[in-house]
Amino acid sequence: MTEFLQSTVYGLLQGGLLALVAVGFSLVWGVMNVVNLAHGTFVVLGSYVAWQLNKSAGVDPFLGMFAAAACLFVAGYAVHMLLINQVIKAPIWMTLLLTFGLELVLINAMVLLFSGDFRSINTGWAGDAIALGDVRIPYGRLAGFLVAVGLTLALVAFMSRTRLGLAIKATGMDRDAARLMGIRARRVYATTFAIAAAMAGAAGAIVGTVGTFSPASAPAFTLQSFVIAVLGGLGNMWGALAGGLVLGLVQSWGGQYLSGTLVTAVAFGVLVAVLIVRPAGLLGKPYYEARVET
Amino acid sequence: MATDPQAGKPASAEGPGGARRLGFLSGRAGWVAAAVALLFFIALPVQLYGSQQRTLAAAFMFVALAQGWNLIGGFAGYPSFGNVVFFGLGGYTTAILMAKAGASFYVALPAAALVGLGFAALMGVPVLRLRGHYFAIATLGVAEGMREVVLNLDGLTGGGSGLTVPAVGSEATTSYPGNAGFYYMFLALAVLATAVVLWVSRSRFGYGLRAINQDEDAAAAMGIDTTRAKIGAFALAGVITSLAGAMYAFQQITIYPVRLFDVQFTLLMVVMAVIGGSGTVVGPVLGALGLLFLSEYLRDNLTDYHTIVFGVIIVVAVILLPQGLVRFVRDGWRTRRFSLLDNVRAYRL
Amino acid sequence: MSCHRLTTTGVALCALAFTAGCGKEESGGVVKGDTIKLGAALSLTGQLAREGQLTKEGYELCASRINEKGGVKVGDKRYKIAITYRDDKSEPDTAGQLVDRFNDEGIKLVLGPYGSSSTEAAAAVIEKNKQVMVEGAGADDKIFEKGYTQTFAVLSPATQYAASMVKAVAELAKPKPKTVVFLTADDGFSKTVTEGGEAEAKKQGIKVLATESFPEGATDVSSALTKVRGKNADLVLGSVHLEEGIAIIKQSGELGVKPAGGFGETVAPPTPDFVKTLGDSAEGVLGSTQWVPQVKGEDKYFGTAADYAKAYEAKYGRDPEYHNAEATAACLALALGLEKAGSTDTQKVRDSVAGLDEETFFGSIDFNEQGENETKPMSVIQIQGGKPVTVWPTEQAESELRWPAAG
Amino acid sequence: MSAPALETRGLSRRFGGLEALSDVSLSVEPGTVLGIIGPNGAGKSTLINLVTGHLKPSSGSVCVDGREVTGQRPWVIARAGVARTFQIVKPFRELTVRDNVAIGAMYGPDRAGSVKDAQRRADEVLERVGLAGRGEVPPGELGVADARRLELAKALALGPRLLLLDEVMAGLRGSEIEPALELIRSLRDEGMTIVAVEHIVKVILSVSDEVLVLHEGRELTHGKPAEVVKDERVIEAYLGQRYAKRMAGGNGDA
């Protein structure tokens, strides 16, 4: 029985983290109709920022996380203005190819800058765990989970309560209508992309603490973001959280009760099934589906 | 054959009107150029090195892969991000038949084509109901999922430890064709794939696909059975891609799921088809040859930076040539204005 | 009108021809003037960039040291060694393609890539072109079950990796562990390692409670660990590469997996990244390695293992680890083969490499009939005080095995 | 008496709570023109989409030439000889005007033998709708009127027996309406059955044999054009008092 509890705890903790990794990806895809293949590299860049701060200035990664988010915000804004904006109105898979090229550049730039080594941010306290009977809850992962869920909820609040948040949603639903009402779509898109990159950077800092990372682990984060974004419904912040938790549990239980190697097959099986049965995703709202595409 | 260049519009009177094709390669001149190119490539390997033959064989393989993708992504407008699933299945069908059933390669090859055809039809029915991003991501999901399935069927596929085709040494079922042999094999596949795309582009089936690409509801209203047409295009793509996979597996002798279902294959074939000119006949050929020689050249000369430069080139090419090289040249030829900035302005916000 | 069109198509074709094959490169034989050219296709980018770099350092040290000592004496003439490096992007088919390219450039003597899959792909091409390859980083026994005659591996085969740790623990550990659990990555090399380990465990009378596997390159092994936690085995052995090795130790701490005896892992513990990343949770972890500075054996180019360590430290400013040593050993074996053959003819060099029976800084080099250096034992290290310290075999031991490790 | 060209019984369609069309039964004799009028949102386009299979009916049935086609896929219905134009024009943007029309000839009930035949037939249809010589142009370069003509040409190229026109006259200037009416009359004289949805009442009155008035998804009334126009409920719901006065003042001609 404890095995089930332990893997459920682990699945939830991991799921919260995966949600934070994917929420930005889902936002950009839902609102801007852009699939960002370089999303995983933003996560790893966030890890390196936190790692560098920890190594040179001894800053705890959970503080370094904010610096990582800030750096990635600026980087995201610039990437949108310089690159993504040039093909924003092109057919959908133009942005896929553009970000594929961007991913190649960023991964290999990181290999040159930081070498291909596997890194992890060492904090004294992250490794220990609270023991509830046989079930152990590691501090690092628990803190990561709380921060991840907190940031995602903050994003949900931001999207529905602030002026900029509503502008982003409106532009996502009908860009031309939004522009008619004086919303500068280009700036809104750039801010959306920057927010997504910042969330990825923050997630990167946490991932770097609880696990290991190297430039080569970037594509895995992008693929997981795909599954979560579709599971939760595109552009749906709640959906990303739910999708993350579901994927975390599926992978954890899958690993527990099926052979370890089947876990990824299960994840993609779930992805394809959800797509065919309910393209709008678990919590996705149909209106995103019927968005007017100019 | 009166043509009036002064009118600024090269009349393609002699060729059937049809969709606007590459101005200077349409009609008879096109056939002449194709024949010359084919003869050239047939004669070439004699004075080539083994590794140069191998590089060109890889180029021809990518021509076939790009043309396969062109059928479903370019013509029908359904951007599949999972064509590598046919590549992997074709490869593994061949390897399993040769290694486990002792079949000869020339028996395993058609079997691989059948597997490609069958899986495309089977997968097409549910997946082709989705559109746009959802279709792209569903096909990506199927490809990634299939890699994991093959990885877990250790008994049949050897899983992570790979599977070896008996091509060298005593129990080889088929003599190993060597670099020259594979050069001609992949050349034939590239020619076959391009011929299929040429036939499709001029056939009723091709027009139907283009109609679906532009506006599926309008196409349905015109009597086009969109489901059958889409599955047809997907199956053709499946056959061509699985044939390429079969030849690749034989060439590599030892194959691994991680390599045969590598998403890099899909992304490369899409980049090549799109930058060359998706929805055209010549586009993917130029895209595949051009990009492959580019990456070979880069890898030889800037060992540390070649992937970065390749990434930058893709980014720049996508921004400046979103509609692809062929269509850019054709429109430019038609309107006498070759301006890259128009492209950028067209899609910029 | 039509001539206008034909010229444009003609131009396009010449451009294609130019890029397709700009004529044959001048095919210099193996020897060019007073230097012998060797080829090395390595993963300088991609997943295995890190290990590819370590292998390249090993090859570089070998070439520079041999050239310092006046080069290789082949027959009555002395030749310098020059190595051409090419990047295989950690892709097996690219490795095969590059070996083909070496063959065209007349480079018949090749040093192996990093990793079993690239080595396997290269070996097939080497066999076809009748080149000779000596490699130090493709240990999977499967490569040598194909009847290949042109490929030689200076390192001990994969089956030894886990088996050596089982032998060390059975011999030295007080109290001797009664039960063991294997955690294996799902790739060819790791699975062969686990099979070798399980066989040795049975021989040593240690009961194998379970074998759990996880995807290759996994950073999250929590589910496999949760399964084995209940077993409370005395010893947990991981057949892994670096990334998975770090994940096992890190997550075991979090999940409270504490084997009564301790942990053992392949490949990961001896690499500097392991201790740097895990800090003091790496304490006491056993690791099997192809080479340690205490290996017995000496040769005229590098002297003893300790001399090699000093030479490496002088050139690269840090201690060598076994990835460097096995690469140098591969290059050394090829050089010794050239010397013994007294000629640069490929087949003669092959025969002399096959017949080698030498003591070197890397230990004994004596290839069996399939080309494996079977007799060379592996060494076992334990992380003590944040440093990998040799504990087995006893004649190489620097310090006592601390057992139970966690104690 | 042959079966009606088009017959619906109790046809309705709900979008969630909204009753877009409820319980509409109509019957159109072969070779006649049925005009359909009604305010925006009356369910006119929904009716057409239900007949052509682009929408699945919630209840009721659709028969073409006596054959049941309820819920069939759009291309099955198209091949049964039913062609339509779209309210918002849907050209195949990257194909030339001739190819847009040729596709109809390729996939219609009596499809052309080869691509070349289809293109020849396309040129004939383009002649007929007044787009002669514009075959090579991409649809994007057509004006509003020509774009509507292209829609009509694409439908005609199918060689249909039943033609559904969804506001094909919308946006045409006065001078362009007369030739369009002429074309519809000539098609009817050749035996084509036509269902025309229009807002321009003058058009409906002058060309329809029967008129159906829809209001809020329900059939308000149907009958001869002259009677329908005088019907109190139609004036109230759709024509408006000013039109009624003008009609009462004048001699009520078409």
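Labels for the chains are A, B, C and D, by order of writing; each one numbers its residues from 1.
The working rule: contacts are C-beta pairs under 8 Å (C-beta built on N, C-alpha and C of every residue); 3 or more make two chains touch, one makes a residue touch a chain.
Everything numeric here is computed off the predicted structure, so don't read it as measured data.
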{"item": "Most distant chain from subunit C by Cα centroid", "value": "D"}
{"item": "Approximate Å spacing (C-alpha centroids) for the pair subunit A, subunit D", "value": "50"}
{"item": "Chain centre separation (subunit A, subunit B; CA means) in Å", "value": "32"}
{"item": "Inter-centroid spacing, subunit D versus subunit C (mean Cα positions, whole Å)", "value": "75"}
{"item": "Centre distance in Å when subunit B and subunit C are each reduced to the mean of their C-alpha atoms", "value": "37"}
{"item": "Residues of subunit B touching at least two other chains", "value": "148, 151, 159-160, 304, 307"}
{"item": "Multi-chain contact sites of subunit A, meaning residues that touch two or more partners", "value": "108, 259, 261, 264"}
{"item": "Where subunit D touches two or more other chains, by residue", "value": "none"}
{"item": "Touch-based graph of the chains, sorted into line, ring, star, complete or other", "value": "other"}
{"item": "Inter-chain touch pairs (all)", "value": "A-B, A-C, B-C, B-D"}
{"item": "Residues of subunit D touching subunit B in the complex", "value": "52-54, 73-75, 78-79, 83-84, 86, 90-96, 98-99, 102-104, 106-109, 111, 115-116, 118-119, 135-136, 154, 158"}
{"item": "Footprint of subunit C on subunit A - complex, ascending", "value": "3, 6-7, 10, 14, 108, 111, 115-120, 122, 127-129, 131, 134, 136, 138, 140-141, 211-214, 216-217, 251-252, 254-256, 259-261, 263-264"}
{"item": "Touch list for subunit A against partner subunit B, complex", "value": "29, 33, 35, 83, 85-94, 96-98, 100-105, 107-109, 112, 185-186, 189, 219, 223, 226-227, 230, 234, 259, 261-262, 264-265, 268-269, 271-272, 275-276, 279"}
{"item": "Subunit B to subunit C touching residues, read off their complex", "value": "3, 5, 24-25, 28-29, 32-33, 36-37, 40-41, 44, 47-52, 54-56, 58, 148, 151, 159-162, 164, 167-170, 176, 178-179, 248, 251-254, 256, 258-259, 289, 293, 299-300, 303-304, 306-307"}
{"item": "Subunit C to subunit A touching residues, read off their complex", "value": "45-50, 53, 186, 212-215, 218-224, 226-227, 229-230, 242-243, 246-247, 250, 253-256, 273, 277-279, 281"}
